[in-house]
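Worksheet: one structure, shown below.
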Amino acid sequence: MKTGTLEVARLVMARDLRLAFRKPSQLLQPLMFFMIVATLFPLTLTPEMSRLRDAAPGVLWVGALLSSLLALEFLFRDDAQDGTLEQFALSGQSLTWMLFAKTCTHWLLTGLPLALSAPVAAVGLGVPASAMWSVVASLALGGFALSLVGAISAGLTLGARRGGVLLSLLTLPLAVPILVFGADATQRAITGDAIAPPMYLLGAIAVLGVTLAPLAAAAAVRIGLE
Amino acid sequence: MATWTWFHRFGSPPWVYGFARRWTPWIGGAAGLSMLVALYGGLVLAPDDYQQKDAFRMVYVHAPTAWLSMMVYTTMAVAAAVGLIWRMKVAHAAAAACAPVGAWFTVAALGTGMLWGKPMWGAYWVWDPRLTAELVLLFLYFGYMGLRAGIEDQAKADKASAVLAVVGVVNIPIIKYSVEWWNSLHQTPTVMKMGKPAMDTAMLWPLLLMFLAFALYFAAVLLIRLRAELLRRERNASWIREVLT
Amino acid sequence: MNEFFSMSGYGAYVWPAFALGFGVVIVNLVMALNSLSSAKQEARRRLQMNAPGNGP
Amino acid sequence: MLNVAGLHLWRGDRHVLRGVSFSASAGQCVLLTGKNGAGKTTLLRAIAGLLDPEEGQVSWRGAPAREARGDFHSDLAYLGHEAPLKGDLSGHENLRFLVGIRRAVTRAEVDAALARTGARTFSDRAVRLLSAGQRRRVALAGVLLSGASLWLLDEPTTNLDVDGQQLVSSLIDEQVSRGGIVVAAVHHPLSLTSGGLVSLELGAT
């Protein structure tokens, strides 16, 4: 009997989680990178908390974007190299759906931990404690949208030489709206304003991403496997 | 029926090559002529703007280049989508031909925008939403050309870059909206908003003619580049032998 | 005439802007023509290589 | 059941497949032979739908495979040069996943298939610790478990010892006698006993 849709997603997620926990270094590296970036700013800018607080949204979001780019490289590359991605494409199941499951897992393993650890970096940037929940929420939602957009570029660069730099070149312009709305949400959280307006827009991007990005990623992966 | 025969003709490289060769001089000639007339109209016949004086004349070069940079991207995405959906090689070749042209016009739009900005805003660069969107567009072009250059196999490069072009064109309105939103948050004190001065007819017709001239010019350059692409891609030599001798 | 070139004092911005815009127009045309002629040469060379008798 | 008609495919400037056509009905095995670079792998990948031929068509049970991709792939098992296994998972875990995304499979079934291909003794070790031949045995168990009617095998005996080559032959024989179809690229002759053997030489211009 053919495996059901939900069971397929569960299997893909379980496999990727298991693989990640067998190689925890790959999981921790983007997080450490994020922390280092957040540390470098006070060292290069100013130790003065009030000025750092102004720069905090930018630092947090640029750091999150860069570290998610680092992690994106591994989203499909390993699976493409050992041939398992080919088996995804030949399983008779929807590749779009399987890649969506993979992307969600990727967010669980990179975007979510990053958002959860952001308060540590945020304290150092003078972000008030009252803003922390909003900072975490905005980074978590924005990180999900980033993973979706990044899945497209990760698929597109499968067939390219020197995929790493190219991956950033493709992802950054597409990530501009996420960065704008995300940083605005964080900014509002710091100043104590309502974060709902930019969060709605981030949510809208995430919804659009959920519907379109896996389709584009599946098309890209099929081309990359040729 | 008629549209279908047209569609099929545009799928055939020899026909497209011949079409391009026949029409390029006419379209190019029309472009050159209208460009000269529009230049004369814009630089000489049009009166000063009462606020910007003669500086407003930069609209005759900034607006067409900015408009073209967007239009070329859209054309490229449409061609790419046609290539993906109907697996039409000529469409992929056309998309490939669009990219460098569009990137150059984006550079021109940015440069002329900066030159216009200096007297109007007092600085060469202001994070104005339109200039910023133009800058992001330039990065989109870079990504597209980078992806094409990064994939060795031609057919694979065509398809992958086509997916990127389509994703990019879906993203452009979102980028524009986000940049405007961002700009509205951080209102910078600008001396004057660019563009859209109340134009009288003597100012307007050269601008409209310039738009037309640039569109024709793009068509002519696209046809030349398309011919080059077709020659490079075609494996079946018989028609190439015919057109080259 | 001088008045025309000074562009009510904005000549230093107007003329470079036009030079840049139409410079790109010319550069694009020249690059396209170059690309076409090099593609023609390449195609001729390929035709000679695959000429009947030499081919595999 | 499998019909391949006039496949043309270029890789870069090379015209690799020049109008390949053949068909295979239930209980047949097609052996693809030819020199290195003759297009055996390319043909197998084109049949599987991993490569997009510029001309020609692959049909399965009368329907174009491209259009009914999901159904075709449910019926298909493809084994390429490399065993498609994750190095950090054990052979058993790998198969539970690879087969699991196609159909419901039990632990006992997986163990039985691994035993059949002689991989049971090392199937609990991480795949990256296995030799190339051992990995291939694990992957062959995956093909066996897929329950697919059409097997596409690319050099299935690579890295296998004499014993392993015998195993591949008998697996193919069994599949053919079940009424399945096998298309295999080979450069060593296989000692097949079943009937319905077709040979197709590629690259003979």
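Labels for the chains are A, B, C and D, by order of writing; each one numbers its residues from 1.
Criterion: a residue touches a chain if its C-beta (ideal position, glycine included) is under 8 Å from a C-beta of that chain, and two chains touch if they have at least 3 such contacts.
What you see is a predicted model; the values in this text were computed from it and never measured.
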Taking every chain's C-alpha mean, which one sits closest to the mean of all protein C-alpha atoms?
A
Looking at C-alpha means, what's the farthest chain from chain C?
D
B-D versus B-C: which interface comes out with more C-beta contact pairs?
B-C
Distance from the mean Cα position of chain D to that of chain B, given in whole angstrom:
48
Taking each chain's centre as the mean of its CA atoms, chain B sits from chain C at a distance in Å of 15
I'd like the Å distance between the centres of chain C and chain D, where a centre is the mean of that chain's Cα atoms.
52
Calculate how many whole Å lie between the centre of chain A and the centre of chain D, each centre taken as the average of the chain's C-alpha atoms.
36
By the touch definition above, chain A meets two or more other chains at residues 226
Among all residues of chain B, which ones touch two or more of the remaining chains?
152-153, 155
What are all the touching pairs of chains?
A-B, A-D, B-C, B-D
Please give the residue numbers of chain C that touch chain B in the complex, ascending.
4, 7-11, 13-14, 16-18, 20-25, 27-29, 31-33, 35-36, 38-40, 42-44, 46-47, 50
Touching residues on chain A, where the partner in the complex is chain B
152, 156-157, 159-163, 166, 169-170, 172-174, 176-177, 180-181, 184, 201, 205, 208, 212, 216, 219-220, 223-224, 226
In the complex, the residues of chain B that touch chain D are 152-155, 235
As the complex stands, chain A meets chain D at residues 1-3, 7-8, 11-12, 15, 18-19, 22-23, 82-84, 86-94, 98, 225-226
Residues of chain B defined as touching chain A within the complex:
84, 136-137, 139-140, 142-143, 146-147, 150-153, 155-156, 159-160, 163-164, 166-168, 170-171, 174-175, 177-179, 181-182, 185
